[in-house]
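In the two assemblies presented below, chain A is common to both, partnered first by chain B and then by chain C.
So, the complex of A and B:
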């Protein structure tokens, strides 16, 4: 079988199981007296063992086997999950991650650390217990165990005459049955048990060789014998035994003590039933219907693109139908719309993954970071099942990890300080995801000290990210947003936990590159919160269509707050900047034309689109707001990729082209 | 065509089995990833054969065998076990499973066991 086809599934599920291991370990660490998570640990290790063995990753399989053993030992109470053991277990999980990474890169299972961890575990297992226990097996046949009828080899020996007589007196046949198992048979004792069970249903086993205990424990080399008292004939008795899989040969001979007629049926060819399996397997192949298929991401992207094209044409269709006013056409177009909407929703949903894919790895990171920095922190997760576009999910994983590192490094205080502040010595980092119309909002918050605005002010001056004069006029809220400026970092040295200061600005840039919104909320003394509003999907967005000059532009709705008509008299000037006062809020006004480097359209009235960018409002002046609709984003292509101020292009209902304005880049 | 339900907590193993079973005149009508789901799917699909993993979350394979046989005493269940689980397999057979195969799967062995289990009355 071609293993290559399975590698991807293997990788995916192996990673899932490593995540499970991590999470269960964290759960166990919280309360070492409650061994419930060990079951899940064992299950995950066991699954990994089976999968890696199947794929032929023997080193990994061997390693997981040892892991499974120690987990079993913990489960049965023989090994106590001490701190040392816990650390070993965490290291084992890391080693497994290494194996998987190495498989991903080179298709060989290699982990530099695995050998040392495995040795330590082995030492523990050896020192911690007397003898490794083998599972005790209690076949049902036990109660029927015969009075020590020890037959040594072949058909020559006889069972205790009294037993034979007893059977004969009940006019039963007594057979010696020798069973030879297939060489490749793995659980010989289970097969023996199955044979004995089959026989016991139709008679009584009055003796066995080797002893029933040895058979139970598998202490025999593929052959065993039963003395079987039954009302059945030899052929029927034989069939009972041969019915069991992996039985290569069954030899039946009537015991001489009871009746003295039977010819040994011995030395026949292997049983027919075994052969029949092969011929059955060789039967013609038929296609079995499958319920799921694997599709490459590229294909999904293509599909998504095609749906995007459909949406564009749908909009055109709508417009034509409206203009022509054919009743019949209108009805058809409506139906057509509905189907396309559904198609779009379905295709979008195929690309979606629950955020748990990303969130699940964070508790472990927090644990490690906290341990390194002598802090204590728990992770609370909410909205694990919220789904988001796969690309967004993958790209956001690193930035989020960054925020979490920051929370541990800068947010959460040392346990002593927390106690002084009247808090639980253990800090809490909360991760949450929620759906809000066409966006997913992800929040990372902590109950730490919050952002020290005085320190930020000081650092901002040192780093010259802002002038002294501007800084003086800044509210604390504005100061907080300074930490998202490139190169800003409040920590002096390169810190092991938060890493080099590729700080918050990287996160912000990433969020904005998806057309998302990044916000920071600060509660001095109580913690801070990072809020990321991300689009559900990248390919189709809700946009506000606006007219400016001769062109129609699209502004993604995610940034817009409201729109209204404005007249020249509404504008004020503060420090030479045009502003508008809206509900006592001073909002700077920018002409879209001017932003795009063109002369402003002179007119008595304009319309203003209030946008929310980086937590600040701005009014974008356009000639006219046309309306809201969904647009399919097309890339600008190689040449226009660097055109500042545009994130893409879309085609409108009338076939004209509309540039999608990248508000965050313009302001 | 005989209907088969595949029960395993990993998609990986399920797809392995599915692929092996392509060589047979059987139709995989469903998959379940734990015992509970297996019971539900069994009630819904009434397959002729169930392949049953042992160690699974929610409800393990042995409990699932018991539950399915309580629902339908004539159910035919083939256990899929990893190495080193003799005791569990015996428990499953005592509970009424018909046969077992061992992971890593050997396709020929699986097909033989499927045949035998289906032939059993």
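So, the complex of A and C:
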């Protein structure tokens, strides 16, 4: 048992709360007159304060204390949430993020910007209400010599009257709780931590003796004290602390001066309901999280591999049972099939996370980017609960952020221009996720000006990504796809919002590395849309098994459109290229054998697999199509990772190997 | 100190691997070619669910290839990390214990089959067994062959119709 475990829990929860803060701030910013989100803000700040104090991150606790004060002042109507205040609040949340990052990296709470933000907030609070001419904060002038140390200030005292009053004003009880541990207790600090966690779930620890740091390090003689603000009664609070093992005795005393019940009943009521509703929701959340187990990704990968092998054996078993025709065996095999299918679905789902994990951070990014560039933009999210493999999710997060940056920088117009074009001055960036069979489709769209194809043409020539002659023959649609070529960027200069050296090509490459599909749709004057079709899971895919030469190859169905038989007489030649005309569409024909650098099998008839790669159709000629099947992907390994054209291998029912063809890389 | 080695024959010459690197020896089984892989990689096999790349030392050493005899084996070897690889040999001869003093560094002027992959030579009675550095056999190519592949790729990228 070490603090490391708690640190992870702490960081996870802290990040969650920072996320809540961000979202509530965005909600508040939408309508500054509606103070409902302030309750949630306050609650999240409280939780963070309690948590960081418990963990001994006093600088962070001190900082959240100040944040809490200003929130309290807003809630009570003393401070109006002006834009300036909002900016300060957003900066505070950033500072909290910095704290958490620093804790993650070095286990010390440090934030370079916190001191300045805290100072500004303090000035705001001191200068009284509604002073519009508060000093402008200069984030560039961050003073290194004043890290947030001084702002931790008075938190270490057990409890001050102000805190008591604050708790009382929220009609909470405040108790001194003394916990005496068993004499034989070996991990005093751990037990103390568990007590504090139990308490934090039902209220808030607003002070301790000895200091939280000493408690964390175990510098106490078997007994310690918490000051606990809660809605619970004394007996319930006592029970919470006593639940922890090796706790010998718990003493509870109500703090004098707390709980003023003199407030008018009418005013207290609505506030109370809000709070209790919140805490009920929080309780439910806590409960469900205690029902889960943390599992390392490695273990999941191993399980996934095992299930993959099980699936292979299942297919093999199927084949044998069909050939031998044992009635009884068939029944067993069917049952076996069902169980394995379910197992596979379950294991796959364990690796899945809702896209909200990724989407939730974008509204804040859009807000900041819009503010920086003097634009206005809202984010609409759809399909937040759609789940996708966590590796895909993690890897797609940056590329998506890049697309969103692009949308703000290049898509959304300046408010004046939008008004001129008859649009709402506030632009909309839409993020959506939807499930389609074995894929998840993620779209990023905006209602901006769309992609300026004339500018793209010009830039493409300058960057030499295409020859003049070819460009002349290109349709606007094809021109749009040029922005996804390496080395292309329409940004005039390196601009703060986008243009960080990565382009749309990086996004496209990433999507394709997962065997996905990347598309751009452009609606001049109305906006643009980036569409990413991603596989649901990376471990098992639906594939078309085809025969070419002696070997059986697998082509992931995400790329295939249809298959049919072809004869030599069906082929046409255009500019020396073999093509086939299908429903008036001219489609180039490639022999799979030739793509793989081998001689084409001569035969009277072949089968064609029509694939859709980068928005273009191509016909892949194979000797025979065997059928569709799900295949478990295995890596080709270290030595063969440079073998072009294959994304992996799979083992077929008869134990033979089939290479999984990466069509995108071959064409 | 004695060192154990696995001896094998390739076109009449005697070679050996350090036994610590050898995982198992199997009979030749169906090899699935990987068309775009470096030419000396024969392909991959399925060994109880594991995908293992197989190299043909005759191709690697640019020896004349003739039909494989019935004693042909695949020696499965563990390379850096836990990556497995297989080496096709004409015949596995014996497992030997060799006193360390009999293992001599390869003279720089040595001109023999397998030239630059020789780690040492072992003097045994009347014959000399060549001790091979298996990791080198697999990794050396990365400079030449892999560059070749990426050049191929670049060539394909340039073709405007794809």
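Going forward, the second predicted complex is superposed on the first by the 502 of 667 C-alpha atoms of A that agree within 3 Å, B and C clash if a C-alpha of one lies under 4 Å from a C-alpha of the other, contacts with A are read in each partner's own complex, and residues count from 1 in each chain.
In this section, a residue touches a chain if its C-beta (ideal position, glycine included) is under 8 Å from a C-beta of that chain, and two chains touch if they have at least 3 such contacts.
Being a predicted model, the structure only gives us computed values, none of them experimental.
A.B. asks: With the two complexes superposed on chain A, say which partner A:40 touches: chain B (first), chain C (second), both, or neither.
C.D. replies: first
A.B. asks: For A:597, select first, second, both or neither according to whether it touches chain B, chain C, the two together, or no partner.
C.D. replies: Once the two structures are laid over each other on A, A:597 reaches chain C alone.
A.B. asks: Which one hits more chain A residues, chain B or chain C?
C.D. replies: Looking at chain A, the partner in contact with more of its residues is B.
A.B. asks: Would you sort A:80 into first (chain B), second (chain C), both or neither based on which partner it touches?
C.D. replies: In the superposed model, A:80 contacts neither chain B nor chain C.
A.B. asks: A:49 in the overlay: touching chain B, chain C, both, or neither? Say first, second, both or neither.
C.D. replies: First partner only.
A.B. asks: In the superposed arrangement, does A:243 touch chain B (first), chain C (second), both or neither?
C.D. replies: So A:243 only meets chain B here.
A.B. asks: Would you sort A:6 into first (chain B), second (chain C), both or neither based on which partner it touches?
C.D. replies: So A:6 only meets chain B here.
A.B. asks: Report for A:646: first if it touches chain B alone, second if chain C alone, otherwise both or neither.
C.D. replies: The answer is second: A:646 touches chain C but not chain B.
A.B. asks: Have a look at where A:193 lands relative to chain B and chain C in the superposition and call it first, second, both or neither.
C.D. replies: In the superposition, A:193 touches chain B alone.
A.B. asks: On the A-aligned overlay, A:312 touches which partner chain: chain B = first, chain C = second, or both, or neither?
C.D. replies: second
A.B. asks: Could you give the residue numbers on chain A that contact chain B in one complex and chain C in the other?
C.D. replies: Comparing the two interfaces on chain A, one with chain B and one with chain C, no residues are shared.
A.B. asks: For the complex, which residues does chain C have touching chain A?
C.D. replies: Of all residues in chain C, those touching chain A are 30, 32-38, 41, 44-46, 49, 51-53, 81, 83, 85, 138, 142, 146, 149-150, 152-153, 160-162.
A.B. asks: Give every residue of chain A touching chain B within the complex, in rising order.
C.D. replies: Within the complex, chain A contacts chain B at residues 1, 6, 9-10, 12-13, 17, 40, 42-43, 46-47, 49-51, 53-54, 135-140, 184, 186-187, 189-190, 193-194, 197, 218, 243-246, 273-274, 276-278, 280-281, 283-291.
A.B. asks: Mind listing the chain A positions that touch chain C in their complex?
C.D. replies: 309, 312, 467, 470, 551, 577, 588, 596-598, 634-640, 642-646, 649, 651, 655-659, 667
A.B. asks: Which of the residues in chain B end up touching chain A in this complex?
C.D. replies: Going by the criterion above, the answer is residues 1, 9-13, 15-16, 18-28, 30-31, 55-57, 81-83, 86-87, 89-90, 93-94, 99-100, 102-109, 111-113, 115-116, 120.
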